[in-house]
Every structure is written in structure tokens, then in C-alpha cells.
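Same chain, two partners: subunit A is paired with subunit B first, then with subunit C.
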Partner chain A sequence: MTAPDAGLHLSISNVSKRFGATTVLEDIHLGMAKGELVTLLGPSGCGKTTLLRVVAGLTHPDTGRVELAGRDITRAPPYKRNVGVVFQSYALFPHLDVAGNVGFGLKLRGLPKADIASAVHRALSLVHLERYADRPIRALSGGQQQRVALARAIAVEPSVILFDEALSALDRKLREAMQSELRHLLTQIGATAIFVTHDQEEALTMSDRVAVMYKGRIDQLADPRTLYDQPATAFALSFVGQSLSLKGKVVSSDADGSVVETSAGPLRVPRRFLRGSSVIVATRPEHVTLTAGDNTLTGTVVGATFQGSRSLVEIDAAGTRLTAEMPGRCTLPERGETVIFSWPLSETLSFSGEEHA
Partner chain B sequence: MTEAMPAPPKLSDPERRTAFLLSLPAAMILLIMFILPLGLLLGVSFTGPEGFSLAAYQRLLTTPHYLSVIWNSLKLALVTTALTFLIGYPASFAIARARGGWRSLMLGCLFLPLAASVIVKAFAWTILLRSDGIINSTLMLLGIIDEPVRMIFTQTALIVGSANVFLPFMILPIFAVVAQLDPRLGEAAAMLGANPAVAFLKVTLPVTMPGIIAGVALVFSLSVSAYVVPTLLIGERYPTLAATIAKAYLLTQQPAFGAAAGVVLLSIAIAVVILSSRFGRSSGGLS
Partner chain C sequence: MKQLAIIVSWAAAVFACLFLLAPLVVIAAASFSPTPVFDLPTGGASLRWYSRIGTLDGFWPALWLSVEIAVLSTLISLVVGTLAAIAITRGKLPGSEILAAALVSPLMMPGLVLGIGLLQYYRSVGFTASWSGLLLAHLVITLPYVARTMIAGLSRFDFTLIEAGLTLGCTWPQSIVRVMIPALAPSFLIASLFSFLASFDNYPVSIFLTDVRTKTLPIKMLQYIEEAPDPTIAALSTIILAGTVALLLIADRAVGLSRMAGTAE
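Right after this comes the complex of A and B.
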């Protein structure tokens, strides 16, 4: 057992969880500072919701330790944790009105009526619903219900707020508006929060750091920029942002890096690999230019689309489809045209092919 | 319940006429099959040898024997309702939370007995409970008892049989509500600081109240007027209002008295239904 770092607000260490024969969480470590916003990002079944439920106390880990605000809460029941949750379904109490929902936790804490009323009003004005206090829940739209769920969670001033796919039920436009508003609000009240989502855009927008989860492990824990520029695994690369990647075998290796023979041709990577090992070579679409350069390939244009600020060119390079991103105003190649294209060595990413299937 | 309904749209006159015509067949059936006989019943209950008379009601409501009969019916209904609620409430959650095949199986077990006549079920209980019945012979075979225990024609037999027959009517309305509930509600309450008991009292119970009320109203009105179950399982030892009505019509030829007993029985059932729906509204149950 490693000792949890001092000064961390929330510390998850060595947490593992199995359901029968399936390992849902494997040796998870995550430390969060007070006021930090962290997203657990991954496909369904990666364990992100289970990890959230472990923090909430709704699922107990098989091993490991969870500490919140200096207190070991690993075995504490959910109602003694002071953790707020905004559920995907909102889980609002249908028999209570808006104020009744928001004041539910305060009432249980036995606060005087006047204090409850003012706290409810404060929470509702943070989400711009102060005029809806006496509405029944069923009279609200989905977006308004989402806000009530948020107000209900923040009203009790929890040590950490957990969002379980909380924005996924909203339509795209409302979701995007809520993302920036929610981030602003959480920063304003200094909340520490964990989001669970499979939406990478939401992850990049909402969080200080993103934990990319895959098969019960945290593949990478980094700030959005690092995650995008230096993905730690092929999975993190494919899950966050667009990318083009080719599989190949290392044919030579020296102090500066390796040369990988792919189906489309040889590519240089700035990292040493064993000769003969399989490697995935990749870059981001915006680093590709239609000129010769460090890593140059030839291919046939199979499609080109103008998208306003950018254009996308789809190229078939020896059977592998790659998408390059061009500035919107550049002259686009014709379909069927043979083009050379390249990207710089400094923007070349490489992953051992054995890291993930 | 009504406040939850969206306001009916304003109808034009032709639409209103169509709506009226569409409701006519149902209204006619109710009128001919239900309202008219009830009116007749009410009329008959107020007749005596010389026209209008309150004699039937006087006899029913002042004779100690008949007061105990009314109390018997009430007691049977109250105990049956309480028992079916205690069994049916957790069962409704079990069914609603069960997955796929299990849920179908449990619902099947609940529905299938409804297809059998109540007479068949009551007779089945007499076979189980009589002194040479399955339960007694099994107990004697195992050496737990030496002589048959008297089970049939006891109040216990009556309650067991009645609860068995009416249980589905408690479970189905509660299940219908529970199946619609977000299973996260309890977790949401817990995260706000509610321990399991508080979460149950403050969230689960009020949210399921509409189903409870429907179940209670159904089981109470069915069991207060039950005829077959008490007749077969306890008989003369426990006279009920329903048995009194039957006797007045079939044996003693006192239609006015039978009608008056019918009116009293109906009034009790209606009162319970009205009271419980009132209670439902004030307890803030949702639609």
C-alpha cells in the first residue's frame, strides 16, 4: 500500500473491483487537489462509472482506499460521505417540488427553516431557476431538471460532486451551452468535481485533467493539452481527437529513433524500438501537408470536403484510409488524384503494437 | 391525480358532439347494467309491508347480531388488506427489480391464479387445511403432531385463504408504480444524507403511495364483500354481510333486508375508496 499523498483533497489508491470473473477496476490511483475538475473518459464498460460509484460509496471496492478531505471513507456508507451526485437520469424526487428537491439534504441535516429557504434560493439562483421554486418536477423541461439536479447536489455543499454522464440526456446544443456554464459555475463555487463521460469534447471542455480509462485501468491521466499532444497509448490517441495511424514493423533503430516499415512505406519515429517489433505510427490530421517532408507518403485522394474554417482530405495510402486536415481556403486536390503528403518528425507519435490489441 | 392530467383541449361543437356519441355505448351499459339495478336495490331497501319503511335498516343497524356481522366483514377486510399489503409491497419491488425471465415468471405466478375461479381456490384451501388434508397428514407423518390440528373453519384459515385470493390485486397496482420508478431515487436520497430508513420514509413510501392506495382500495372493497371465501373456509361460524345478503334473498325471502345489507356494504366500500383517494392527494402522491 502506498501512502496517500498529503494535501490531496480526494485520494484513491490501489482500488480494484471484480464482478465475478470480470475485473472492472484494476489498481486505480487518482489524487485530486481541492477545486480540481477531473473527467473519467472512456468507452462503455471501461470502469469509469464503477469508479465513480466507489467514490460515492454505492459500490465497495475489493481492495484499496478512498480518502476524502483527510478522512478514510473506504467503508463509510454513502449517506455519511458528504459526496454529491448528479445522476444521468437526474433521479429527482417526483413527489416534491423544485424547492423540496433542492432542500431535501438540508432538511435532513436539521437546519432551521429560514436557513434552508435561503440556501435553496442561493442554489437555485446559481442555476437560474429561482423563479421555479414551487413548480412540480414534471412541469420542467429536461434542461431545467438537469439544473435542479445540480442545484440539489450543490445545496448541501458536498466535499466533492460527481457527475455520472449528467449531460448526456440533453440535446447537443443545450449540452454544449451547459458544459461551459457548468464549468464556470463549479469554478465560481470552488467545487471539486469528477465527471464521467464517453464524450471526449465534453472531457476536454470541462476538466483540468482527464483520466482516459480502458479495460478497468487509467491509461493516461493528464491535462487536455498533454493528452492531445502526447497520448500515452494507442487507445488514448484513438479516443481523444482525430488521428491517422499505420501499423508496421521496425526495420532499423538508432540513437535518434527507429524506422518503421508500413504498408504505405517507411516512416521515421523519434523513439527507439526493438528491431522486428510491431509499432503503430500516428499523427494528428492538422500536421499533415500536401508537400514532401520528414515522413512522406504517396496516396490517392478518395474525397475532399470543405467545412468552412477547415477542409478534410481523405487519402488512400496502400489500402489504409487517412484523413488530413487543411486550412479552409486552400485549393483542394481532385478525387482520384495521386498526391504526396507528409508530416514532421516532431509531430510523429509511436506506440508499441503490443500495448493494446 | 387529476391535477397531473394536462388540461383537456378546447373542443369545437361538432367535436363535442362526436365525443358525446362515442361515450354513449359505455354510458348506456353503465346505466342499464349498473345504475338501474342499484336504484332498484336502493328502492327495495326502503320498502316494508305498507310501502316506505326504514325497518330493514333499523333491524340491520340495531340488532347486536347484525352489528357483529358488519364488524366481521370489516375485520376480514382490514386484516386481509393489511396482510396483503405487508406481503405485496416487498413482492412488488422484487418483481419490478427482477430481470427478464424472472420477472415474467413472477408475473405469471401472479396472473395465472386469476384465471382460476375463486371457488376453485377456496376449495383448494379446504383440501389443504381439512383434518385429513395434506398439511395435517404431512405434519403427522413427520411426527410433529400426533392428532390433526384444527385448521379449516377457523379465522386463521379464512385470513390465509382471503389473503391468497386477493394478493394479486394488491401487488399489481403497486408493481405498476414501482416499475416506473427510477431505481436511482434511493441512491439520490442516500447521497443527500438519508440513511436507508429515512430514504424509505421520505422517498420510497410517498412516491409509491398512489399504487398503495389503489391496492388498498381494491383489496378492501373486494374482501369486505367476499362471499365464496368466508362461506367455504369458515362458514356459519363467521357470518359476513355478503352471506347475510345471500341468506336474505335465497333462504328467508326478505328482499328489503337483503337490499339494505347490500346498500350498507356498498356504502362501506365507497367510503373506503373515497377516503383513500383523499388521503392519497393530501399525502402528495404523484400521478
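Right after this comes the complex of A and C.
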């Protein structure tokens, strides 16, 4: 049990939650500094939305403690927390116009009319919708509704803004544009925010740190770069970015690392494992070259595709399909050709095979 | 060929409208007749029958009773029907579809059967109070309209709206009053309108449950026609018709007729 850090803006400690027999959150710890953007990334059912709802006060944890801006809010109802939520469905009020939606929280706080009007205008201009103030909600496009939902959440100047799959309903192009715009806006107003998403690209683009969640736990909490270069678990590896991996058994181990015998051949890993234990060896496709190197394997080319800035070569190595990424202009091997390929020891990742077994 | 089909279906639609509206036009025209027979007013119009409505024997008590029963049964149906609709759409009850069908089933039942059934039932349990018996029967009539409209409305209602209200500073009751009820206002309006009209003009059920002193307006009107068939009834019908049209126009301004008729989406 760790004591919540006094310097943190939002601190979640020891939080667990069960629904009947299923554990949806297990001993979650997460601390955020003021102005930090954190993404909860994971597949559906990993508990990320439940964790968001715990912060919002819409779900109460069975154990643990949540502190926001120096106040214990574990048992506080949502209306006493000062959090802003942007819902997946936007949850805009159909009976109110745009300004009515954005000013809803301010009106409840009993602000004078003139103050509400200026705060609504400020929030709407942040999302570039100041000219839409008196439009009804149903007259807006999906992207505009998303902006109104955002304006409504930031208008009350919340201590933390929570985004529940807030961009997932937008089409790809709009989503990508919104990602960078949103990040810029949140930095501009110095907001502390948590995003929930299953989209790894969104996670890498939007956040200072990413928490990869799996089966109710945080597998890894790291900045996007570390998460990509040094995934802590085989799940984090497979969920973020492309990867190639082989299963095997450790045949020898010394101070420098271990040798793992896989179906495609022996591979060196820069980490010590017990002899006989099962290990997953992996790397990123861009580290693979069609030459001999530290970890060299032989395989048959089953396909090669040119994708502009890069080419992908699919190789069958003793029954395991692996994808290597080549520069776009290199000469691609023929289908059916037998090739040797390798990647450096420094880019070799390894995970105990018992993890998430 | 395609054009012909369009012309034929348009003609059918226009004919159906005329067919439905013609009797109403005739009644309205006859109400201005200067002569004491049901006739089209060819020789000048008169309002004499309108001024006689209020003098009809037992008119005011009948009107009051009809309005009272319609308003009360609508209000009770709104509360009960909405709660039932929430249970059906949200409660994940086993057999909630059967429950929904049962709740709406009186709509499909002939009014006569319902009336006789209720009469027999009231007798067998020794329930003789005619006013409350009538109200109870009208609840059976109005509840399906409210339940059907509210089930439709609630199944489209996004319950995260309530959560959005909570996170913006509403307490639970505030979220219901400031978010859920106004967001569902169109459904409430449609439900009340149908419910009120269904109760107000009901004849086949009421006829079995009224006694000499408690007669609703539709029953009284039929009685007038039997006793003295003069255009006073046409005048009264025209006023009721005008009232209904006014209600529909107000509802149209508020929510749109297509949503009301259930022809939208």
C-alpha cells in the first residue's frame, strides 16, 4: 500500500472493482501531474471505461482511494467532483441549443447570466463554433457535436477532463484532424485529461503517458516512446504497433543473456531466463534486414507489398509468419524465394511465456 | 410505367384523404344550417345551433365528466405508463417483451368486449361506484397509448444524458427533472394527446359503465340524436373537431406531426 503522493493532481491508489464474480479493476495505481494527458489503452473489457467512471464518480470502487486536487473524492458523487466528461455518444441535451448545452453546468452553479454568456462564448470559440451558439443540436454534424460536447466539458473549468472513446464515432480523416487539434487545445488551456481508447495511434498521438490495460490491470504505464521501444509485457508489445514474435524454450543462459530455441532456430535474447522456461522472442518489423546479423533466421517469402514509403515482406519461417518492414525503394525478394533475415540483439525483446498464459 | 404507378398511388392517397375528411366537412357545414334539419346551408348561414349547445339537457355535467375522466386517466397513465416503459426498456426483465405486448394489448381488443368484460368483472367483485369504475376503465383505454409511445421514446433515449447531467453538477433528482423529462417532452406530449383524445371520445367501453347520473359526453350526444336530431349536435361536433385540430396544430408546432403519426424514421 503506497501513500498517495501529495504533489499529484490526480491520484488513484489500490482501486479494485468487481461486478459479481468478475474482477474489472484489480489494484490500480495511477498518479497524474497537473496538465498531464494520460491515455488508458486496451481492448474492450479491459476495465478502462470502468476506471474512467470511477474517476467521474459514476461507478464507486470496492477498495482504494481517489484524490483530485488534494481532496479525497472516493465516495463523492459526480456533482461534487468538478470533472468534465466527453461521452462516446456525446450525450448532448436534445432539448437545448448549443449555448444551452455549453452553459448547462454554469447555470447549475448559479452564475450570473452575463458570466455564463461570456464563458459559453469563450468555450465555443476554443472549438471554433462561436457562430453556432443558437443552433439546435440535431442541426449539427457529428464532428460539430463532438466539439460542443468538448466545449460543454471545458466550460465549467473542471479539475480533470475525461474522454470516453470520444473520437471513435468520427470518420478516420476527421478523427486524425481532431486528435492534433484536441491535443493543442488541451495544452493551451493547461487541462489535465484522461482518454479512454482502444485505438493505439490515438493513444500515441494524444498523450504524455499511456497506460496499457489488460484484464483489469495496468500492464505498463509509460510515455509513448518507451512503450513502443520497451514494452513491459507480451500484451503491450502486441497491442501497440506491429511486431513479430516466436515462442521457444531457453536452452542456455549466461551473464549476457539467454539462448532460446524456437521452431525457426536458436535466437539470442539480452535477458537472463531459467533454463527450460518458455520465452517469447520478439522485435519490431523495421529492425529486420535481409542480411545475416545477431539473430539470423531463414525463411520463404510468401508475399511482398509496396506501400510507398515502405514495403512489407511476409516471410514464413518454419511455419511462423513474420512481417519485415523494408524501405520503400529497396529491391523486393520474389515470392517463393528463400531468404536469410536478421535483427540486432539490441532490438531483441523477450518476455516470459508464462505471462498472460 | 413507373410514372403511371406514381399517379395511381397519388390518386389513391388523395381519394383516401377526401373520403376520410368529407363527413367532417358535411358536419361542419350542416352546423351552420338555418333550418332545424341536417342540411347543407344553401340559403345563408346561422349560428343559432351553436347558441343552443349550452342549453342541452345535462350538457355541462356530461362535458365536465368527460374532461375530468380524460385528464385524470391521462395523468395517471403518464406516471404508470412511463414507469412501466422504463422497466421494460431498461430493467432487462425476463419476458419484458411479453410484458410490453400485454400492456399494449387493450389497443387491439374491441371496445365492446372490453366494456362487457369490465362490467361483468365489476359486478362479480361487487364494485358498483360508477365514477371510479369509469375512471378505471378509461385507464385501461389510455394506458396502452402512453405505454406504447413511452416505450418507443425511451428505447431511443440515451441514458448517458442523465450521467452527463450528473457530471455537470446535477443531483440525481435534478438530472431527472432538468435532463430526462425535458429530453422526453415530445414523447410525453404525444402520449398525453393520444391518451386524452382516446378517453374523451370513447363510446363502446363507457356505454356499459355509465348510469343515469354519470354519462360522458359521447353517450349524451348519441342520446340527443335519438331524442331530437337537430343541427345542435352538428354544432357541438364541429366545436370538438375544432378543438382537436387546435390540439394537433399545437403538437405539430412543438414536436412535428410526422413523429406523432409514427411515420418518421
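Things to note:
Basically, the second predicted complex is superposed on the first by the 356 of 357 C-alpha atoms of A that agree within 3 Å, B and C clash if a C-alpha of one lies under 4 Å from a C-alpha of the other, contacts with A are read in each partner's own complex, and residues count from 1 in each chain.
Note that contacts are C-beta pairs under 8 Å (C-beta built on N, C-alpha and C of every residue); 3 or more make two chains touch, one makes a residue touch a chain.
Quick caveat: nothing in here was measured; it's all calculated off a predicted structure.
With subunit A as the common reference, the superposed partners subunit B and subunit C clash. After overlaying the two complexes on the shared chain, residue contacts for A:R138 are found with subunit B alone; subunit C is out of touch. Contacts of A:P77 after superposition on the shared chain: both subunit B and subunit C are touched. Judged by the touch definition given at the top, the superposed model places A:M32 against neither subunit B nor subunit C.
Within the superposed three-chain model, A:I315 lies out of touch with both subunit B and subunit C [touch as defined at top].
Remark: of the candidate stretches 8-16, 134-142 or 242-250 in subunit B, the one overlapping subunit C after superposition on chain A is 242-250. Comparing which residues of subunit A touch subunit B with which touch subunit C, the overlap comprises 56-58, 77-79, 81, 83-85, 87, 89, 91-96, 104-105, 108-109, 152, 156. Subunit B meets subunit A in the complex at residues 4, 182, 184-185, 187-195, 198-199, 202-203, 206-207, 209, 284-286.
Subunit A contributes residues 56-58, 77-79, 81, 83-85, 87-89, 91-96, 104-105, 108-109, 152, 156 to its touches with subunit C in the complex. Against subunit A, in their complex, subunit C makes its touches with residues 158, 160-161, 163-171, 174, 178-179, 182-183, 185. Every residue of subunit A that touches subunit B in the complex is listed here, in rising order: 56-58, 77-85, 87, 89, 91-96, 104-105, 108-109, 138, 152-153, 156.
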